[in-house]
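For reference, the structure discussed in these notes is given below.
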């Protein structure tokens, strides 16, 4: 990616073209693990957005400062720092949610998407594009998690953000692990279909770490 | 050089040209599927006899939904519509026989849609599915509507409606309250076995009558549509392991007959574990498949929280079928050792 | 001599039981077919290098005169089967489905043998090499269908000593009865042929394997071999493809030919009974291979019959002599229905490997399309080679030839048992041929 | 040597700054978290004993299933108004952690589930008020799980028998403990009710 | 004590299988199961590294972090250990066992950014497990993860030949497939309570 891409395109790219969850298929664990409800999905998304943006910004700022030989360990260390920060904050201010998904918050540090953006983008770009890229990617992640959260919470519990909408719980299975995988698979397939049908895309999600 | 027309047959008939062999035996996919469906008629009739109109409704909804789902999905995917091959009908029927008669009709509907659309057609349709569609349908509704799916009613006295009274299945009673309580209900062991054998007990539609199921199974075995390699090791393993570990008074005090005749084992072993598509096709692998399914059934029945293990056991073994097939390929004629698959 | 009961273990695992339909012709004595007006004699009638024509248009030839010269070791000369004039040289339809060089001879009706044929009643005193030369000069190739030049088979390398010769009279292919009739009508000649083979190979054990559904042939052959203790008639189980040489060797000699190997690897040579008879004729009378037994059968011809026909006789003529096609005739097969090849024209000629012509009526022709594999495992049970044809089919259908190879594609001898039993009607043999071709292409 | 310095110095700088960032965050969030935890527990206890005016005191610890739990005494003006015990029972797929409170006459006042990991939609039905309210006012001998209709005892939630049993067993153990500790005077009364 | 260890082992292999009920290691799970060979290589490497990491980090956690109240730094410290270990293993293996290195080396590189490896010490710290319990969790999880990889690879080999609808080819169908396996694994639920 070069510098002359406009910031708007960069921003949109993270949300649509290279959506980390649906397109790049990276960091899939939280996409399934925390999306049994909209709220959890949202908070996880916020945490990732924060770490993503801060890491991109930090790496971009320090890019001329870090020797390429030790660049990977440095990026990992920077990410770990920001994850620790958000982890401590969440554990203090979002106790109930943290109980459910604390493990996944800590695991943000191992998300391939963060390291790969730092390595592929922020280390080569100025502050502003790196910031926008981080926000775009983070938002793409957040939106994907919320989309899944809405789908699963509605079908599984008949509610939205904990507010009961339907009088019944239509398909309990959707909030269980197996339902998470179904939701993810069906959603990806459906998005691929839309992409192929209306946007002429190839519609194949690549896979891999 | 141009071939001169030197020799000419008087009339050149229109001849069909194809690659051999030019003979074929009488079997076809459709014939197999419809015959297996036919073999389930006795069990279906028994279920209607015991559960009346509600059973008819469950069966009907399953069949109609399955056929519609099959046609709809094939239409969506622009594939030829093959309702006549009978596989969707069979899946629908088997799913119905796996549901309790008291299930509200959205349960057979959801189950059939999931079975046909997700478990079968997303994976490529007939022949390609990894998991037994009917069992996926059942597992899906079991987990989604667990409360209803774990409540069973006793056989009816009037045809049109079920008694509202719910009873536990014999296996649940055995697990929760012990053999003594079962005997209290059925008075003698002989009466218990007899009721299990003819089908007078609470349970899913098709699991009730062991006699009717065995009749159908014997027919299929005779026609060689199923072979002994899966069902016999399956049932035998359940019998042996429940006899060894199933009792409350130490080893070797279990009641194998009771276990073998309950919990859909006969239906599962003869009609569902034998599904060609989702099991291994190498005979030796089928024996291993049967034994493992039996062991898993017993493990789930005795140690798990859920007393009826057959469905989960078969689904679990479905996961392993490709691995078994891969690992236990027959030795090629004249080869000292089968070559490993090089990929 | 030997008991005619079959021991069940004398067979192989797998195989199928198609309806044999041999009753159509089995009881009918062989009739000699008319001399073809024009004999079309392909220059390639065997596996290996095609022969080169040594005649020119207009040349007069006698019956038995060499018209095609070998071009390489694995090759066999071709001889005129009628006396008359060469009227054309060119590409003519062949049973393989394409046009192949052939010599067309117009018969002069005299049917004269070429001069100088050496009759030799003391043939058994000839040396193996002399015998082999006679066989090679007579243009004899395997008449069981594979048409492999016989003299090549009779020259095994030194490190592979042969100790058993088996004559293949199994005739497991449905419908066909030409070997059956041959065994009834030429039993003595076959036994003598076998003895020649044994002498060439310096072997003291000779067997004649016959499926036990031909008790009369077993009896006739047993009688013919009565004075020869080194020859044993061996009834084998009725099962297709019992006649495949690997299966026959398993049943009779109890030896298993290694995968990818040849019979000589286990010290065995297998020859068709017809080949043995042709060898006898060549050695005893010096006659090259110019005619053979051909069954014309099936419910698509009016009067199924067995013929003794000249090489080069067009199918149309034999079918005419068998009463002609019925109105519902739909498929004409060179050979039997399991391994034979369907023909698009009746202009193709009988060649050295043509054991029969089977004509199927419309209602016996399977035109259903194939469906997805339901993994019933029937093909696995049926495969005599213990392959997994279902996987071969799945891989090849999707173009994964290398994977098919890993599933032992190359060990498939295309017997068709798998396709015969497949409820989904999957054309495994077709795919196997295709994959083998594609892989061969890739290698080059 | 110079190269190594060039690589290491910035790294050390990053380490130091990062260390500072993390420590500062910890310094400010730790008290919040500590307070929140403390408050949570206090509030839970308070809910169990609304009549208590004094701070609720830990009265001791006890153990079940190899795990140790606390029990408490709630007082108003020095007089015991409530006995509370932490407890847990083995459910379907997890230990269900609870607080149980008894009034001085050894009748159950309240059962509260703190933590559990049962199947959503199945096991977690025991969280419903209709199930938990059954415990109110019951005495030790009444705490028996029944699979059918019952007013006298505890009725299992259908489809969640195992979870119901887990709750019932946990409550029973807690009540047993509190009765053993404090119930000397009222044992007879409780037995009477049972009759 | 030993019974508890065994329980943890079985539970983490089957009932709380990392992939099918804890949703961990999914990127790797979907990434390397296209071919059996890679799945098997990955299984070996991961199980070994998980076990070693569990022990290493348990020592650090118990003897350094707890005494000095450094619990809040566990993310940084654990991932640091993982990264350092991978670097060291890489270098040592290349020297000592080059054959093995060429077989498994590529998988090592994937480990640093993978959540399964990190999850093991985090879970151990969370539960305050002792050394043997930590090892049981690591080994059980590793074997459970290997099991998941291997059956998935064998199924995907079969699926490669199937007529999966275009939009669902690749990842989407793999997700649905994993959902179905998870559904089957529910059969183990309720067998053990931790």
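Per-chain residue numbering starts at 1, and chain names A, B, C, D and E are given in the order in which the chains are listed.
The rule we apply is simple: contacts are C-beta pairs under 8 Å (C-beta built on N, C-alpha and C of every residue); 3 or more make two chains touch, one makes a residue touch a chain.
This one's a predicted model, so the numbers in the text were calculated from it and none came from an experiment.
Enquirer: Over the chains that touch one another, what is the least number of steps taking chain C to chain D?
Expert: Minimum number of steps from chain C to chain D: 2.
Enquirer: Would you mind naming the chains that touch chain B and likewise touch chain D?
Expert: A, E
Enquirer: Using the touch definition from the top, what's the fewest steps needed to get from chain A to chain C?
Expert: Step count on the best path from chain A to chain C: 2.
Enquirer: So, comparing each chain's Cα centre against the centre of all protein Cα atoms, which one is closest?
Expert: The chain sitting closest to the overall C-alpha centre is B.
Enquirer: From the centre of chain E, which other chain's Cα mean sits the farthest off?
Expert: Following the centroid criterion, the farthest chain would be C.
Enquirer: If I rank C-E and A-E by number of C-beta contact pairs, which comes first?
Expert: A-E
Enquirer: Indicate the whole-number Å distance between the mean C-alpha point of chain A and the mean C-alpha point of chain B.
Expert: One centre to the other, that is 41 Å.
Enquirer: How big is the gap, in whole Å, between where the Cα atoms of chain B centre and where those of chain C centre?
Expert: Roughly 47 Å separates the two chain centres.
Enquirer: Between chain A and chain D, what's the gap in Å when you average each chain's C-alpha atoms?
Expert: The separation of the two C-alpha centroids amounts to 35 Å.
Enquirer: Mind pulling the residue numbers of chain D that touch at least two other chains?
Expert: Only 18, 22, 26, 30, 92-93, 119, 121-122, 162 qualify.
Enquirer: Any chance you could list the residues of chain A touching two or more other chains?
Expert: In chain A, residues 77, 81, 84, 88, 172-173, 176, 178, 182, 189 touch at least two other chains, as defined above.
Enquirer: Residues of chain C that contact two or more other chains, please.
Expert: 372
Enquirer: So which chains actually touch one another? I want all the pairs, not just one.
Expert: So the chains that touch one another pair up as A-B, A-D, A-E, B-C, B-D, B-E, C-E, D-E.
Enquirer: Quick one: in the complex, what on chain E touches chain C?
Expert: Within the complex, chain E touches chain C at residues 160-161, 163.
Enquirer: Could you list, by residue number, the parts of chain D that touch chain A in their complex?
Expert: Those residues of chain D that touch chain A are 6-7, 10-11, 14-15, 18, 21-22, 25-26, 29-30, 32-33, 36-37, 40, 119-122.
Enquirer: Which positions of chain B touch chain D when the two form their complex?
Expert: 146-147, 150-151, 166, 168, 176, 305
Enquirer: Quick one: which bits of chain D touch chain E in the complex? Just the residue numbers, please.
Expert: So the residues of chain D touching chain E come out as 18, 22, 26, 30, 66, 90-95, 119, 162.
Enquirer: Within the complex, which stretch of chain B touches chain C?
Expert: 1-4, 6-10, 12-13, 15-25, 27-29, 31-32, 82, 85, 87, 124-128, 276-277, 279, 281-283, 286, 329-336, 339, 341-343
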